[in-house]
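Okay, here's the structure, questions in a sec.
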Amino acid sequence: MHTAKPVGGPLLTKNYLVILAFAALGMVLIAWRMFVGLGATTALSDGYPWGIWIAFDVVTGTAFACGGYAVAILIYIVNKGKYHPLIRPAILTSALGYSIAGFSVFIDIGRWWNGWKVPVQFWHWNFDSVLLEVALCIMCYMVVLWIELTPAFFEKFQDSSIGWLAKFSKAALPFMNKALIFIIALGMLLPTMHQSSLGSLMLLSGPRLHPLWNSPFVPLFFLMTCIAMGYSIVVFESVFSSIVFKRGLEVPILKPLQKIAAYLCVAFVVLRFADIAYRGRLGLLFKFDLYGVMFWIETILFCIPLVMVYAKFATTLPNLFRGAIVLAVVGAVYRFDTFLTAFSPGPGWHYFPSVPELFITLGLVALEIAIYIAAVCFFPILTGDFEAAR
Amino acid sequence: MSATKYPPDHETIAARLERSGVSRRHFLSFCGKLAVVAPMGLAITSKLTPEAIAATVGAAKRPSVIWLHMQDCTGCTETLLRTSQPDLATLILNVISLDYHETVMAASGHDAELALEDAMNANDGKFICVVEGSIPTKDQGKYLYLAGKPGIQVLDEVTKRAAAVVSIGSCASWGGVGSAGPNPTGATGVDQIVKNKPVINIPGCPPNPYIVLASILEYATTGKVPALDEFHRPKFAYDRTIHEHCPRRAHFDAGRFAKVFGDDGHRQGWCLYRLGCKGPVTHASCSTRHFNEVVDAWPIGIGHPCVGCTEQTVGFKIPIFQTVEIGRPTPPDSYPSIFPEHKPVSPVATGVAGVVGGALIGAAFIGAKKLGEVDSSAETKE
Amino acid sequence: MEANRRSFLKGCAAAAAMTAIPATALARERRTASGDAVGLLYDATKCIGCKSCSVACKEANGLSADGTEFGGGLYDAPTSLNERTKSVIQLVRDEGQSAFVKKQCMHCVDPGCVTACMLGAMTKDKVTGIVSWNGDTCIGCRYCQQACPFNAAKFEWSKALTPKIVKCELCKDRLAKGQQPACAEVCPRGAVIYGKRADLLDEAHKRITGKPNLYVNKVYGETDLGGTQVLYLSHVDFEKLGFRFDSDQSAPSVQQTVQHGLYQGFAGPIALYALLGAVVFRNRKNIEPKAEE
């Protein structure tokens, strides 16, 4: 039951082609952006230098990609082996999410041809820069994630018809499994560092960030919500793949995950209120301007998953799924608010992503899904009895 | 003021000009110039054509003018006389009846004083008194004596019997150069002394003669002094600053300033503000009415900063090369605001985002609904 | 299940305790300007809005005309600082009172952009305190813009391949030649003057004492947002001039207190890694999925 194996089956279905089409459109737009520059293709401005490519693709995208991190904590730290079937797909999602985020950054930065200097020219490193820490951590973690995923590839390739590849895979597999201890520990350290630091990034915007979001506890807040989002995404993805590949549902292990996520959210909300009260900004909650309203929307949405877990009427599977979606959405809203809505460069500045920006993001998400589906079709990622469900 | 009260020798302006052989063409040209000097604000020039102005002005009796000299340099008289066309001085002297003027009259000594007495008697209460030069008030006015009497006493005697007083030049208007610190003679303007008669101040060092003439003719024709500002200056000539119509304004707006006399900017006619030009605070019409019918014959026109001679608080008070504060009651529109508008939000993008977002949420919830169908089997597994 | 949640919450509490360090950690020491720090003093009461500083700035820095917005393409009329404009004059009209204000990089004493920059492309000179940009290590991430409380750092959005960060660098090339910054040199009124920050502060306070009725009793930039090397005097409220914040604390000081509090010179992450490694080692049976079966 717990052995992962390729899903198999035909890949190029009609739906898959639609996804590929979106991905292709995104790639075309990316090429256009590279030729004409950011000013012509995006709605970015000197007031809002960071748009959805940062707020969604990077900040929200990597939080969605925290499934691997979140499940790893459960399995390796809290010692709950029963969640093991979830780890591989979660790590695959994480690896893809982080890779796409890295790719987005590459599109977003203006002098991308200088980008290689960030990991290489260590003598230039500015140790005050939170972004440097985030960038290096994300790069390292991306590598760590793919390494964590190598057993899946080796398992596949040890049966390969290419002789040397099969030999290498067979030899590497046991070694990898031993070395994985250090990698796994690193795989938990790095997200702890950069997911919290993603929150600290906006502390540098200082007074331009609305006080409701500008909290010295923002690193903790980002960490808590990213773990919750990670669990939700694992739930979402598990249910999603069970629909797509018509495999058996992992309900017994999904429900507790969603429960943990819901508790984390409520803990976050309580801490957040405590922090705002401690900073003496409670009055801002009752102003009901854009910021006040957004805050309450976040708060209410963050509480809904818990209701969905416990309310009698809501314990059904569809509600588990919905709860996961709500949580993912509110996590995204919280990050959008921190990076865009609550950030005010002053009157006269506006930002709403341009059409190319939107379609590039959409295209990257489509690409991620396409690769995920292809990967689970060919490599031993998912567990479960596919035939039985079919 | 009815025409019959004038003595017989004061014929109408038109009749006098005709009798003295001044051509109608010259008179029309003069009227045209009046219209340029005072395009608005005066009754006599509120006509559409020089002919119409000539008809009004020509029908008026020649105003009797008595011209007093106080502490002056006679520059104002010079500017009146030294016009580029020789006829014009003649014309001016035919348009007004200059009955007493120490510089241009032939008489001297007791004859001169008699002429003053005669002129006053002939037009008692009707004549216009023009004063040139500041009046020394310190020490009982002993710094200026005219025919054995202090100037201030002469002024009192003459203005008492005048219909109106015109102070020509900055000295008569507010003391001028004579009142510059430490002002040893206590020099003041006429309007500080004469309180019971209408006083028209025509400051300038010297003022444009056409402003004087237009003001006098306005009074002769309509019997009213032109509209005055708070400093008794005719609004038609002093309502704007030099800066508002300065030919070098474009350079000011573009931030191009001559830095020293003779530098490249100065040679290219750039703004003289940095050299101390007082144009921005000086109310005068020099920038539109040049002197002696010569184009660009005015300070800024020849490359010198305006010294602000028409302003009591500026001329001879603020050093010539010191820059002035610029008041900005109505700054121009060509400045961006503190928070200018930037790139607007594209409605197409919001629409697309709405459609995509809606589709995703819809798909998710339909997916959740479908789950309900397989739910029962899943629950049993649990 | 219960045990699971309990131990999980325990973990959360530990994480919370760790991230709670910033609240208790000592705030980073307040930065002060060096004794030789240079800067500008802009006096809004003296400015006549002639824009010669803008013109001189463009000439001195070889910046092209901005014909896109205000001038309808006819004139070089930027509405604000932008990729072609390092210095701009703006106007505030307020109930009959009006004031011009010159905007440019403020050369903060504790600049957010310098703190932000990954590879130190933004530097603050140790002696003069001039904040300048170096394209060699800039990757165009624009975190400096995100970090600038004055919206002074601008990005060349119109460039596809080599966009630069554009901002006032106090004409450091001219300073090296013994000249003044172009704006200060050209100003016909001395509304913007160049000098050492300390001298400019003295001068500013002298002006306020000399004409207490004219000036707002404050030198903007003396302490605001940690202090700036470009100082402002005004006859209208600074908020109306677009200086939106009256905090004395620089944003970097807050962020750095939090981050350095957490990382403790990287001792924090190393300790955490050791801990995680130990726990993973204890639970190593989980690594092999088959082991559980």
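Here the chain labels run A, B and C in written order, and each chain numbers its own residues starting at 1.
Basically, a residue touches a chain if its C-beta (ideal position, glycine included) is under 8 Å from a C-beta of that chain, and two chains touch if they have at least 3 such contacts.
This is a predicted model, so every value here is computed, not measured.
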Chain closest to the middle [Cα centroid of all protein chains]: C
Chain pair showing more contacts of the two, A-C and B-C: A-C
Euclidean distance of C-alpha centroids - subunit A vs subunit B, Å: 74
Rounded Å distance, subunit A centre to subunit C centre (Cα mean): 31
Centre distance in Å when subunit B and subunit C are each reduced to the mean of their C-alpha atoms: 49
Sites on subunit C at which at least two other chains make contact: 242
Shared-contact residues (touching 2 or more other chains) in subunit B: 339-342
Subunit A residues counted as touching two or more neighbouring chains: 45-47, 346
Complex contacts: residues of subunit B adjacent to subunit A: 339-346, 348-350, 352-353, 356, 364-365, 367-372, 374-375, 378-379, 381-382
Contacting residues of subunit A [partner subunit B, same complex]: 43, 45-47, 239-240, 243, 248-249, 251-252, 255, 316-319, 321-322, 325, 346-355, 357-359, 362
Complex contacts: residues of subunit B adjacent to subunit C: 252-257, 271, 273-274, 280, 323, 325-326, 328-329, 331, 334-342
In the complex, subunit C residues that touch subunit A: 1, 4-5, 7-9, 11-12, 15-16, 19-20, 22-23, 81-83, 112, 114-120, 135-143, 145-147, 149, 151, 153-163, 225, 242, 244-245, 247, 249-252, 254-259, 262, 269, 272-273, 276-277, 279-293
Subunit B partner contacts - residues on subunit C that touch it in the complex: 46, 48-56, 69-70, 77-80, 88-93, 96, 98, 100-101, 186, 188-189, 240-242
